[in-house]
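Paired with chain B in one complex and with chain C in the other, chain A is shared by the two complexes that follow.
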Partner chain A sequence: MWGGCVCVCVHGTGGREAMELALHYALNHAPGTHAALGLLYQHQVFEKFFMVLIPRLNNKRILHDWDLWGPLILCVTLAMMLRDTARDDQKSLVFSGVFVIVWCGAAVVTLNSKLLGGTLSFFQSVCVLGYCLLPLVAGTLIIRTLALMSLASVPVRSVVVLLGLAWALFASMGFLGDSQPVNRKALAVYPMFLFYFVISWLIFVQPVSD
Partner chain B sequence: MSTAIDFGEDDIPPSQRQPSQPQDQANMPSLGGALSAAMMSGLGQQIAGNMWSAGSEQAKQAYGAYARVDLLRPYFDVEVHQVRARLLRSFLPTRPSRDVDPVPTELYGPLMLVFSLVTVLLFGMKHSGTEVREGTLMGTALAICFGYWIGGSSIYFFFAYIFNTSLSFLQILYTTGYGLVAYCVCLLVATMLPGSNAFLLAWAVLGSLSAAKMALVFFSRTADRKQGLIVGSVVFVIHWVYLFYLFRAYHMIVGPW
Partner chain C sequence: MSGNEARPASGTGHAFEFHDGAPVLTTRRLLKATHGTALWPHLSGSSDITGTLNTRTGRAGADDNDSLNGDGSFGFSDNVTLLREENAAQRNYGAPIWSLEYYAQFFNIETHVVRRRLVTALWPFGARMLDTLNSNPDLYGTEPSRHFDEGPIWISTTLVFAMAMAGNFSSYLASETAWQYDFEMVTFGATSVYGYVLVVPLLLWAALRWLIGNGRIAFTELVCLYGYSLSIFIPVALLSIFQVEWFRWLAVIIALFFSGGALLTNIWPLLRTHPHRISYGICAAMLLSHATLAIVFKLFFFEYNAAVGSSGNTPAPAPSHTPVPSPSP
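On to the complex of A and B.
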């Protein structure tokens, strides 16, 4: 159903209609999810996901109506997926490690951006960095799916992860690029690159059967 | 009588309460107790209020002093071309003039280099199959890199203090931080070309150049030449050998040697 929503959006019907369709479906078929979905819908979490997936459509609304629900969902999803594939004695370490990397990394990148003269507030920046994890989370999901079909070879994983990394960087630059002084934009992008690179690398090295 | 009855009520503030009339002799003990209780209560409240306001004021001052990023902003006041030039200059062991070339106190480059080294080290550790018994590779890499940057700088600062080198701790942090460029490059070479002697070559050339640059900074800032030579040698040896240690300890895929 969610995949259908994405297809509708990509083929031009628009993200908002697709989201409403998805929400309507979820509320009618799983009433228990009312409260959670209502909360996410109230904070326009799904809309922000689409803004990240299709960066050219962004209208900076993500900056004005920032929230941490989306980043939390993505972080938990990523941590759970990487935890699943980790060795038995490292499952909890991987789960907590992903949490620490995502939140501490976002905090460090944001602080660096502020110190370089960025105009965004702390939580706006953390929100954007968190939402822009979506391509990498999607990449992880794709790799897991390919692994089920024994297709997750190293080259395939490399391509998926690199694509996710480029997408995440492109999307985050679309939101955060204007908030930096022109002569320091590269200095603000570099830690952002390191942040997404480390997460991409964690996704790449997860033990999956190819 | 009504005065005596109303006196002990809580709704009258202590400051507005009047002393009892002398004709109410029968009520004096209870009145005195109520008065002292009211005074104690008012005094306690006032002391508590004063303590609260003083504490909150101190907390605000502490927050204002330590939580403002403005305090750190001067150390991040740098532009792209300056960072690029400093990265390149970290390999050029020219002796800086004591008066003309002041050592900057910028921290953006060093901090990013430490994070880059963490990434490179992590990459190499995973690539070579390094096992960490307690903890994670990420935690180990962070501890190693920040440990060297801050711990190494502290050791250099100690020697600088002993040998009268006129460098502040921030200047030493800057110098050590930019010295990590060679670490990143050499360890990246070791990871990309495992089992070859490429690391040795990079260590011999780039590692030496970087260590020599650091040693010259310390040497040029020491008044006495002999002492400058000692502190420069110490810095050179520590910086150069630690790179080799990182390679041997965390890049287990080694060549035929």
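On to the complex of A and C.
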């Protein structure tokens, strides 16, 4: 699985074919893949992805077993895809910049809501904020796929990104929203909105015509 | 405090009564009074600057438990120590300084307070923004304000990304061939804004403390002031999308007027009582650094101009007419 990641990094814009090759290699030849996938199942990463995609009211229980694998996977995926379409002399800057924005942003938003009196623990909040990136990362994948078919014009991209932003906000508000007292809700919600808005902008601003 | 005699009221150990007929002093009014001496020096008599600074850093457990000095008058630092003790007991139950709950007491802020601070920082002709950092039970009901809230953090972050987005959009509008976004706008914006909001108040605080001798103003208050005063540049960043040079310069100058005016209005009362040359020097340095920041913003972010020619399509896009040294990555 890590071999797959390395392959995608190296091949850059020819990533799609390389990703298929890497996935084939990882699933059939790399011994660590089964262990890695087992780890993901153990931590219920895929279930949490599903819960983010379909926010329901009875999924507060996942808050108690937080994990950071899901956010890490999402962050690495996002960073790799944004790195692909970045300017040539800024590729590594964008890669590290996405990491900094996602992790430091999640940490600061969490600190903010905690210091305002939020009831979740630090890692629970970071976990939720990271998992709620899933709609945006899915949006990036969709835009890249559409770009390969030359369908990713500006209106299409903005619709996909706005949809992802709304979904991410809705999902994270569902988990974090009611842990704040009423007179501070705006102070706690605005940083979350800024966090997802910045990431949406980074996704939207990617050029699609290479 | 000269001219005032204080004695504890019956029952509570924390309510005091002043000779001037003010009502029974609760902890909130005590905070206001001790804060007020920082801004209105004529109200204070003796001042224990180091004591104030120690207690302002907010040690949760105060060493000095006595509320009265030997002769029955109150030491300045003792009052604030007492206040800290009580507030610590109220808010964080003596949480240690390395726990998150300890710092929660500094973020005990509400939305309407943040709104008021923003308004007073943007309009330098009315109330002073630093006044809103004091507790004022007449305005805010029962909730005491604090020196610091998270407003400057989010205003700075919003400013960084507003400028990055606006700058990228301007360069997109100005480019004629294939355009690629410039991530360095984000990094340079972050460095300049966060650096400015942290370093310049530090220098100002040091100047106020050691050159002027006013140790009562806290570093966090100055960071708050600077953070809120930068908020005017957010709409300027959005307005700079209009590709008209004189309009951009006008917007930047107006923003500079308002934010510099807010800074001056708040800082000048602290400098009034000191020899004029140093006061003028500090004010001049403050305004000069603020003007430098505004000009740097203008030249780096608000520069792309479609009227002059293509500027956003080269690997290292330069502004349309003036070569600006781009920061090294």
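The rule is simple: the second predicted complex is superposed on the first by the 175 of 210 C-alpha atoms of A that agree within 3 Å, B and C clash if a C-alpha of one lies under 4 Å from a C-alpha of the other, contacts with A are read in each partner's own complex, and residues count from 1 in each chain.
Note that in this section a residue touches a chain if its C-beta (ideal position, glycine included) is under 8 Å from a C-beta of that chain, and two chains touch if they have at least 3 such contacts.
Treat the numbers as computed from the prediction; the structure is a model and nothing was measured.
Novice: Label the relationship between chain B and chain C on chain A in the superposed model as either fit or clash.
Specialist: Overlaying the two complexes on chain A (C-alpha atoms) leaves chain C and chain B clashing.
Novice: Scan A:141 for contacts with chain B and chain C and give back first, second, both or neither.
Specialist: A:141 contacts neither chain B nor chain C.
Novice: In the superposed arrangement, which partner chain does A:198 touch: chain B (first), chain C (second), both, or neither?
Specialist: Once the two structures are laid over each other on A, A:198 reaches both partners.
Novice: Tell me which partner A:190 touches in the superposition: chain B (first), chain C (second), both or neither.
Specialist: both
Novice: After lining up the shared chain so the two structures overlap, which partner does A:114 touch, if you call chain B first and chain C second: first, second, both or neither?
Specialist: In the superposed model, A:114 contacts both chain B and chain C.
Novice: Of the partners chain B and chain C, which touch A:206 in the superposed model: first, second, both, neither?
Specialist: second
Novice: Of the partners chain B and chain C, which touch A:97 in the superposed model: first, second, both, neither?
Specialist: In the superposed model, A:97 contacts both chain B and chain C.
Novice: In the overlay, answer first, second, both or neither for which of chain B and chain C A:88 touches.
Specialist: Only chain C is touched by A:88; chain B is not.
Novice: In the overlaid three-chain picture, which partner chain does A:72 touch, first (chain B) or second (chain C), both, or neither?
Specialist: Neither: A:72 stays clear of chain B and chain C.
Novice: Does chain C touch more residues of chain A than chain B does, or is it the other way round?
Specialist: Looking at chain A, the partner in contact with more of its residues is C.
Novice: Residues of chain A that sit at the chain B interface in one complex and at the chain C interface in the other, please.
Specialist: 90, 93, 97, 108, 111-112, 114-117, 183-184, 186-187, 190-191, 194, 197-198, 201, 205
Novice: Flag every residue of chain B that touches chain A in the complex, lowest number first.
Specialist: Answer in residue numbers: 69, 72-73, 75-76, 78-80, 83, 108, 111-112, 115-116, 119, 122-123, 126, 136, 138-139.
Novice: Hey, which residues of chain C end up touching chain A in the complex?
Specialist: Residue list for chain C touching chain A: 100, 103-104, 106-107, 109-112, 114, 150, 153-154, 157-158, 161, 165, 168, 178-184, 186-187, 315-316, 329.
Novice: Chain C touches which residues of chain A in the complex?
Specialist: 86-90, 93-94, 97, 108, 111-112, 114-117, 122, 183-187, 190-191, 194, 197-198, 201, 205-207, 209
Novice: What part of chain A is in contact with chain B in the complex they form?
Specialist: Per the stated touch rule, the residues are 90, 93, 97, 100-101, 108, 111-112, 114-117, 183-184, 186-187, 190-191, 194, 197-198, 201, 205.
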